[in-house]
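Below, subunit A partners subunit B and then partners subunit C, in two separate complexes.
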Partner chain A sequence: MSAHDLVFWIFAILAVGAAFGVAVSPDPLRGAILLLLCLFSVAGLFAWAGAHFLAAMQVLVYAGAIVVLFVFVIMLLNLTPRELGRNDLGGAQWLGLGLVVVSMVGISAVAFNAKAAFPTVGKAAGAGGTAEIGSALLTTYAAPFEIVSLLLLAAMGGAVMLVKRDQAGATIDAIMTIRAKIDARTSRAFAPDPLQPDQHGPPARQQAVAGPRSGVDDTDARKPGGTV
Partner chain B sequence: MSGLLYSLQELVASNPLVRAGLLIGFSLALVLQIVPVMIWLERKLCAYIQDRIGPNRAALFGMIRAGGFFHTITDALKLLTKEDIRPVQANKGLFLLAPFLVVAPVLLTVAVLPWADDVVLADGRRVPMQIAQLDVGLLYIFAVAGLTVFGILLAGWASNNKYSLLGGLRAASQLVSYEVGLTLAAVSLMVTFETVKLEQMVTLQEGWRLGVVFQPIAFVIFLVATFAESNRVPFDLPEGESELVAGYHTEYTGFKFALFMLAEYVHMIVSSVVIACVFFGGWQVPGLPTAELKANIVPVLRGGLVAGASVSILLAIVCLRRYLVGPHRWKDRGDLEPAFWGTILLVAGAVQIALAIAGVTRIPADAVPWLAAFVQFNMLMMKAGFFLFLYLWVRWTLPRFRFDQVMRLGWKMLMPIALANIVITAAVVTFGGRIFS
Partner chain C sequence: MSPVGTQHYLVVAGLMFAFGALGVLWRRNALGVLLSVEVMLNAGNVALVAFARERGQVDGQALALFVMAVAAAEAAVGLALVVSVFRTRRTVNLDELGELRG
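Moving on, here comes the complex of A and B:
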């Protein structure tokens, strides 16, 4: 295995491993970070194949913009593990792993038994270069390119309409409804502690994170002869 | 000696990995050495702008204060040896990962900065003075620099502190907003130069045909957006101390905090070099293309040495005069310091004059391209140095924006102007003829 192949295998294993991690990760933020690693590894594969422009775009658009949005939403919602609930896929992740292994074995079998070699993408042909992609997009594929840009423009207009001031209220209401549902579920699952009579509604968020610590302090204070 | 130099030149020219390795070492050493100087300048400049004297206590042998430069070194030592505190409720792994995610992408962007023109050896081989001549050039810088957002967001979130989280969210929304303006300004530049490669952009700006002449609006947008990207005043809301304690690095201490500082300063240095490269001709000596520079290397070196000598001697006179007729205000060995620096500067000036008269008369032909590269590198450093100074100057002159003002400037002013600029540039290039070709 040459050094060239080694680079491919490193990125390939990283990409597949990180993708699997995204699927099974119980913590959404960890999942987002693994997704970043996965996209980055795919960018590495593009760069390895000589498609530098594609690699740069992968990092710029997917890693630099889309995953940032995911992380943003995860942080703004900031759900505690209790609110997230159990990450029970009912064995679906193992089914997924099985499917991945089967399809990988299938693709590998086809690839290794192929009569003709795969066409080499790369530097020799000059494909994947910024100039080639640019001229192809604006000459041969000008019509699809313009249609896609029109679609993106429409989506952008839609996004602007969604957050316009008179509609923003409805959006915020929707978010608050979801929030209330989550809180209701949490409070049902965790009935108020009779030892703490002052509890109203769901437990405070900070206590949920802090775990046993605050509770211990409270009970200690109520014990006869406890230090206050 | 010369045999050794020839074998080194042969090694560099024949082995791209050795060349890249040497350049990586050189670039990182350069960038990381500028950081303490910048911190020192920041304090000293801030002091002068606010009519103070600034740091000047730390001294070597009780005498050499060097205008407070040792404060920076003692600071670095302090940060290295301070206790490394991790909040109990912080997310362990992410808290540790975040500073590295901030500093690594910034250091990676150094890879495509062209320090000088390709050195052409006698046998026609070219040695690029750039770690990697990528096909994507400027896009690489945007792509990689954009990844610092994750480090900042994670630092804010993992600290488990409301101020940190708010700082992280502010930093991220600011970075994402200004990246739009920055990239759109770069698009109009790419249309003007008809390339995305940084080294080609610099090569095209021969003589006085500078990028800023053809793209003044893009220059302004670029400058504002890079200020916002590096979280400097007037865009330092993510760490606005009056509202958020210290923003996303509130909970960080010691070396991890130093990494955040390092990332900020390296980002400033890289941005300055990029601005110098795309708008002010990078390593191009104004009016002297590489071929002419090589032909006139002796007068150029002489001129540079004479200029250096006159600056040295002028400063020496100032220092010595301060010692001879000065106030001697410390009443200790510190009073001797002006004499110390004055003597060194006088000797340096004398050496430069001696070199200008006797040293540069006979230059071996093989050394000419390397000396030309050296001159070009100094030119780039002078241009970038001006923008580094501008960063400091603005920081201690302008007040901070409000957050809604930052967002309005980014989305409602810079982005539409940048879009209009692209349309105008494209129209001019299509109907009025190409600018650089």
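Moving on, here comes the complex of A and C:
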């Protein structure tokens, strides 16, 4: 085994070991840190395969953005063990273990017996520069590239909508507060002075009862909503 | 030991995917499940890069970039869902969340 291959094996063992740790660690924060280790190891695997741009993107996007988002949510929620729930063994867990064993045996067998299907196995091909990926993204994959931008926009809007606390209720409350203020102000401005008898229109006494009181009622009724 | 080739990358990708699937089935809190889903997406990326290396083309790497974008969107929406559910239910234990069950 050459020193060059040794680098691959170090990254491979780290990636797989960290993936196992993510799967079984009961603490979400420890899981996130192990995921970080796994992602860095995968970035190393990408670089070893000649995909240098992808390795940089792996570190920037995954480690820099996604794991930070996970750690933010985990630490802000600050979950207790009761809120997290226990990891007790049930049917699904044993199904998962069986799946792992089948995958290990099956994929290893297929991969190592398929030399005929991989004619260039062991030869490192040279493609993977930033310029080549950039031109591929803007020619062959131009339509998916644009669709992904739409997807990110939709995800951003969806995430904001999901976590915004009681958006509709808050909007209605704000509108009602403003309307109450306008009502109060207009009724105060246009209501005739109860002490001055009005020349035209209904008698002054009726105005004095109806006008100002309706304005006061409005503000009183909507005050609880308005303070939210 | 044979020199490192595509088959070694595939074994690494398969193991990572299997452990991610194990995590999705094993973990009972939503955050752990989301972390495991990220591991599974990364396993797919490893396989894509391995085949791109073997064929000497960048198509696999371009596809891996799209997978990264989808993973970012999935993490954002998934975590927003977790936060939203935690606000109303005070738990992220998936076994206790059964309101949609008929």
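Simple rule for what comes next: the second predicted complex is superposed on the first by the 129 of 228 C-alpha atoms of A that agree within 3 Å, B and C clash if a C-alpha of one lies under 4 Å from a C-alpha of the other, contacts with A are read in each partner's own complex, and residues count from 1 in each chain.
The rule is short, and it goes like this: a contact is a pair of C-beta atoms (placed from the backbone, for glycine too) under 8 Å apart; a residue touches a chain by one contact, two chains touch by 3 or more.
As the structure is a prediction and not an experimental result, all values here were calculated from the model.
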| item | value |
| --- | --- |
| Which superposed partner A:Ala65 touches (first subunit B, second subunit C, both, neither) | both |
| Which of subunit B and subunit C A:Met75 touches, first, second, both or neither | first |
| Touching partner for A:Leu36 - first (subunit B), second (subunit C), both, neither | first |
| First (subunit B), second (subunit C), both or neither touched by A:Leu150 | neither |
| Touched partner set for A:Ile178, first subunit B, second subunit C, both or neither | neither |
| First (subunit B), second (subunit C), both or neither touched by A:Phe53 | both |
| Touching partner for A:Ala170 - first (subunit B), second (subunit C), both, neither | neither |
| Which of subunit B and subunit C A:Ala142 touches, first, second, both or neither | neither |
| Partner, of subunit C and subunit B, that touches more residues belonging to subunit A | C |
| Overlap of the subunit B and subunit C footprints on subunit A, listed as residue numbers | 53, 57, 65 |
| Parts of subunit C lying in touch with subunit A, wherever the complex brings them together | 1-12, 14-29, 31-32, 34-36, 38-39, 42-43, 45-46, 49-50, 52-59, 61-62, 64-66, 68-77, 79-84, 86-87, 90-96 |
| In the complex with subunit B, residue positions of subunit A that touch it | 29, 33, 36, 52-53, 55-57, 59-60, 63-65, 67-68, 71-72, 75-76, 78, 129-130, 209-210 |
| List of subunit B residues in touch with subunit A within their complex | 89, 94, 134-136, 139-140, 142-144, 146-147, 149-150, 153-154, 156-157, 160, 165, 168-169, 172-173, 176, 179, 196 |
| Footprint of subunit C on subunit A - complex, ascending | 1-2, 5, 8-9, 12, 15-16, 19-20, 22-25, 28, 31-32, 35, 38-39, 42, 45-46, 48-51, 53-54, 57-58, 61-62, 65-66, 69-70, 73-74, 77, 79, 82-88, 92-93, 95-97, 99-100, 103-104, 106-108, 110-112, 114-115, 118, 120-128, 132-133, 136-137, 140-141, 144-145, 148, 151-152, 154-156, 158-160, 162-163, 165 |
